[in-house]
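For reference, the structures are reproduced in the following blocks.
Shared between the two complexes below is subunit A, which pairs with subunit B and subunit C, respectively.
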Partner chain A sequence: MSDAQTPAADHADTPVLGTGYAGKARSRGSFSAFIYLAGPVGVLLLFFAGPLGILALYSFQERSRTGDGSWTISNYVNALRPQYVETALNTLVIAVLSMVLLLVIAYPLAYLLAFKVGRWEVPLLLALALSDELNPLIRIYAWRTVLGRNGLVNTVLTQLRLIDQPLDWLIFTKFAVVVVLTASWLPYAVIPLYAAMKTIDRRVLEAARDLGAGWWTTFRSVVFPLTAAGFLATIVIVFIPIISDFAAPALVGGTSGRMLASVTEDLFLGRGEWGIGSALTFVLLAASGLVVWFSYKLTDLSRLATHR
Partner chain B sequence: MTTGSSVALGSTARGRLSLAFRTVFLAFVGFVLFGPVVILAVFSLNDSIILGFPFKGATTSWYVQAFREPNIWASLWTSLKVAAVVTPVSLLLGLTSAIALTRFRFRLRGTITAFVALPLVIPWLVIGVGSLLFFSATDIPLGLFTIGVSHVVIAFPLATALLSAQLYRLEPHLHEAALDLGATEREALRLVVLPLLVPTLAASAIFVFSWSFNNFIVSFFTAGFENTFPIWVFSTLRRARDLPMVNAISTLVSVVQVIVVVGAWQALRRVMDRRGQDIREIVIGS
Partner chain C sequence: MTESPYALELRNVSKHFGDIVAVDGIDLQVPQGEFFSLLGPSGCGKTTTLRMIAGFEEPTEGTLLLAGRESNDIPPFRRNTNLVFQSYALFPHMTVFENVAFGPRRARISERDVHKRVMEALETVRMHEYVDRLPRSLSGGQRQRVALARAIVNRPAVLLLDEPLGALDLKLRKEMQLELKRIQREVGICFVYVTHDQEEAMTMSDRLAVMNRGRIEQVGSPEEVYHRPATRFVAEFIGEANLLDGTVEAVEQGAPTRVSVAGDTVTTVASCAGAPCEVGDRVSLVLRPEHLHLHRDRPNGVPAMPGRVVEAIFQGSLIRFVIEGPDRRRLSVLDTTASRDQAAPGDAVWVSWLPEWVHAVVE
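After this line comes the complex of A and B, so read on.
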């Protein structure tokens, strides 16, 4: 795209670099910025806002194989059917359990990475990034080797004669979904916490210790307050993909690990019930929006985005 | 550990204990992240159709079977093609939006910044489903184009975020100095700002390529009759007798991914070390 170069050629279009240029740039900046943004914003308006708009539209229309497209709110009423509500609650339980488990693991991990591992810091960070760059479906499916009937856990426990029968609740259950979701999203949970930890001056921790604070006091009155923003960022970043996860319940969830995404997929691709499907999708979106809004109220999200 | 014993232990002993605890914890995390895939790789050589213990003896027959399955290679080729187009397009859109949002002041800047970041907080399922409805309402046939477009929508905002973070960190004075020394705006961008952004662009490329190559849920809704590799894996997992073949090809693909990604990160790290830049900043930026 040649958009990128055209405005830059014009000497008069001065980007704002320091405060010195601000006055002049304010008037001309709009035009240059417009040319730079035409591509990205155009793509999003068409292929991002478009799909969301259609989804909103269809959620208020009669849309099924037999439906005609007249206006209705029956999709939202139908979305409150007991089977959907039950799945929604199941989704919430799984999401909350995974979140708790994630934070319990990610928080100390971020602390170790930031302060305790020395020269292993960068290799460990890159290992986190690497795990995320493996295929998620393969990572999820591979958990069958650990949790499956003939998997690692059952085999070890049987060999140690701790159990006679393989445990049957390890796989194709809610438990399996929680474990797998936690493993899948761990890298994303650690990074914002790690970023927040890195802003803590090591000398502050030393000062706390010199003043006689134990590890709990140090944590409660120094580390936690300074990383609270990272804590919230983690919740936002991880909760949204978890409540809408499709692959984990499909591959290791069985019937007790069913989540909303499976129902949505079935409504769209299986039963052709686009109206109810759209309404349910919007409920999911609203739930995500609520979490973002809540966190936004609690902290300054834009500050988190640039980590300053 | 009781309080009494902790007092009795010298500080070095306690240090050793906490070191041991730390090592166990990190090993646990390592297992959670990579253990299952490693075990899967071992079982891909197991002479049994059941995924599990005991190990019945080594065989390469599942690999031979996988090599003879044309759908695997067709789907891998599709995924590579899509990612190869999505990556440069996303980098270009990410770069132009990041420059505009960090280097210019204009009305609606805050709104547009939020709008460009929005796809990062909308569930991929919602984007996938919405795209399906959108493409069918606009009569755009599902296929490589629709997969590619929806991948660009989810991936380029990530590049925008990484590049904006780096542009904020860069010294604006360098750019300013270039202008003062007589560089045109285009020269300042090409000779000063872009070279400083190269490592971030490379890191963004790694992330965007993996997001596209690995994406399942968005492709699932926008692919029509096309098969990307994740879609092939998902549909094949439903057929029990083909599972050993999935184990084999999954192992192969994971090994290649590890080699490529580790190689790329190492190369990037070396370049950044030479320039005195810190790779941790890029990781945090994500």
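After this line comes the complex of A and C, so read on.
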């Protein structure tokens, strides 16, 4: 029997990432592509790669502030001092916790937005986008009034006689930093996941249910692999700003909620230790890179997971 | 659990969406192993009925039984039904093998048995050479086969098909109709097939239900529904019909023995499948084009009506005549092209029919 139809020209189920544009650009000639890219690439080189290169030089110099020191790796050795290692671990714990919490909240939210809310989809998306329009500093101060010793949560709990003493772990702790970071970055986690969900045919989810899959199996073997691109995008977009945040730890973190970026800031602006500051910057960069690489591997593995 | 002769039973099932009544109190019994079709125009409630059987919609009223067991509240993933979607809904990130293995892997059976059953199902649909392909590299017809294998591999009590051939081109659709029928006979599973294409339903079904506006108009074999339509809607929806309005003048055992049509110029006997007829009832006589015959002169012993040939359309093995009768009523007549003496446009003719082919539906 002959199935002579042309395969798949009408189906948009090809992966979203990185397909299809290279050929077009080449046919139009590389000169125009060069013109298009010259601006953005130039700006990136001048204001991003350039300063980063200078920081790299600082991190390998003895007296880096004036730049006349000799070459050394002592800054990196110093970066391994217990106080910095502790802060680095603290940073990792806070960032990973916030990231996991974000994904746990964002995945169901994106799913509901994409498939369940019907005509409320656009208003809710707008609300989500609007919630990000608040100035980040004001947002953090708002959280201080919620979590503070005499803040909203403590007041309400005391009034309801659920507690005698105000809870002292609500603010100036890791907990506070995780709450503030999670709340601040939620829109950025939901939107890429929502966009990835929208590419899933609703019937495919029904097919999974019809074939005997409960919600967890459906998520693990259908939704997650099909939203892998969105998952990766979310981590890249959200994890790097979270791991390098210094406002939230400075304002609600106290001593137990310290993060590497606020220490780095202090090293540069407070103590003039540019060498160690630069070294720590690269430690942070390496950590971010590692997490992004790990996430990439995870999404890649998800394609194989269904082989069992 | 008692063994039910019916794979599927609906008792007075309705479905409302807000103020809209999509399905309005239908009763249905489908025996094990039957190829059953739900046929009707779009919006008649056939897909909603199918989705209720699959478990994606819950009936507003009534009872749904699967293999004799009340199933209203059973979620789709615990139901012994499987659905083949119109859009196939294959998992785009899985190979053909993984797609078909999805259902068996949910049941707790060994990977070896999974492999065996998947290969069996893929052989049934003749796709076993494509195990490692991804859906996007398959043609529409091939995807359809994989979707079918993915459903039959679970050996459901009822296999539900939602216009599965709708997206295929005509030639492929004809081939797949015969394939589906073969596969159904081979696996012996009860198929419930939703379609708006009456020819498709006629080709494959053991029995079919004609639906209109959320109700079932008639249930029967393709022959019954074609030759003895219960309502005017069924007569018009199934095949081509000439409908002549008439009045019942005499009745015997519920069937009209004399009906006058065309202003009392013609009388005929007729059978009647719907409600029994009474004298004075307004009825429509259903005359299929292939049951009408043309004559140059008035024929004797059979009911006949005068007319004029408006058009003669050559269709290969058949020729179609459009005849204008009394009251400017138009009749369609099909005749074989075997005879040499064919009428031509403008000719005055007589249209006759054999009384046993005439069927009346009450207005």
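The definition used in the following text is that the second predicted complex is superposed on the first by the 249 of 308 C-alpha atoms of A that agree within 3 Å, B and C clash if a C-alpha of one lies under 4 Å from a C-alpha of the other, contacts with A are read in each partner's own complex, and residues count from 1 in each chain.
What we mean here is this: a residue touches a chain if its C-beta (ideal position, glycine included) is under 8 Å from a C-beta of that chain, and two chains touch if they have at least 3 such contacts.
Just so you know, these numbers come straight off a predicted model, no measurement behind them.
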Ask   = If you stack the two complexes on chain A, which partner ends up touching A:Arg203: first (subunit B), second (subunit C), both, or neither?
value = second
Task = Figure out whether A:Gly214 sits in contact with subunit B (first) or subunit C (second), or with both, or with neither.
result = second
Request  = Mind telling me which of the two, subunit B or subunit C, contacts the most residues of subunit A?
outcome  = B
Inquiry  = Let me test your reading of the model: by the given contact rule, A:Tyr84 touches which partner, first (subunit B), second (subunit C), both or neither?
reply    = neither
Request  = Pick one for A:Phe60: touches subunit B only (first), subunit C only (second), both, or neither.
outcome  = neither
Request  = Examine A:Ile240 and indicate which partner it touches, taking first as subunit B and second as subunit C; both and neither are also allowed.
outcome  = first
Ask   = In the superposed arrangement, does A:Phe231 touch subunit B (first), subunit C (second), both or neither?
value = neither
Request  = Tell me which partner A:Leu124 touches in the superposition: subunit B (first), subunit C (second), both or neither.
outcome  = first
Inquiry  = Using the superposition on chain A as set up above, list the residues of subunit A that contact both subunit B and subunit C.
reply    = 1, 3-5, 8, 11, 13-14, 306-308
Key: subunit A-touching residues of subunit C, taken from the complex the two chains share   = 54-56, 75-79, 81-83, 85, 87, 89-94, 98, 102-103, 105-107, 111, 126, 135-142, 150, 154, 168-169, 172, 175, 179
Request  = In the complex, go through subunit A and note every residue touching subunit C.
outcome  = 1, 3-8, 11, 13-14, 201, 203-204, 206-214, 217, 221-222, 225-226, 303, 306-308
Touching residues on subunit B, where the partner in the complex is subunit A = 22, 25-26, 29-30, 32-37, 39-40, 43, 50-54, 92-97, 99-101, 103-107, 109-110, 112-113, 115-119, 121-127, 129-134, 137-138, 149-150, 152-153, 156, 160-161, 164-165, 168, 172-173, 175-176, 179, 184-186, 189, 206-207, 210, 213-214, 216-217, 220-221, 229-230, 233-234, 237, 246, 250, 253-254, 257-258, 261-262, 265, 269, 279-280, 283-286
Request  = Quick one: which bits of subunit A touch subunit B in the complex? Just the residue numbers, please.
outcome  = 1, 3-5, 8-11, 13-18, 22, 25-26, 29-30, 32-34, 36-37, 39-41, 43-44, 47-48, 50-52, 54-55, 58, 105, 108-109, 112, 116-117, 121-122, 124-139, 141-146, 148-152, 155, 182-183, 186-187, 191, 194-195, 198, 236, 240-241, 243-247, 250-251, 261, 264-265, 268-269, 274, 277-278, 281, 284-285, 288, 292, 302, 305-308
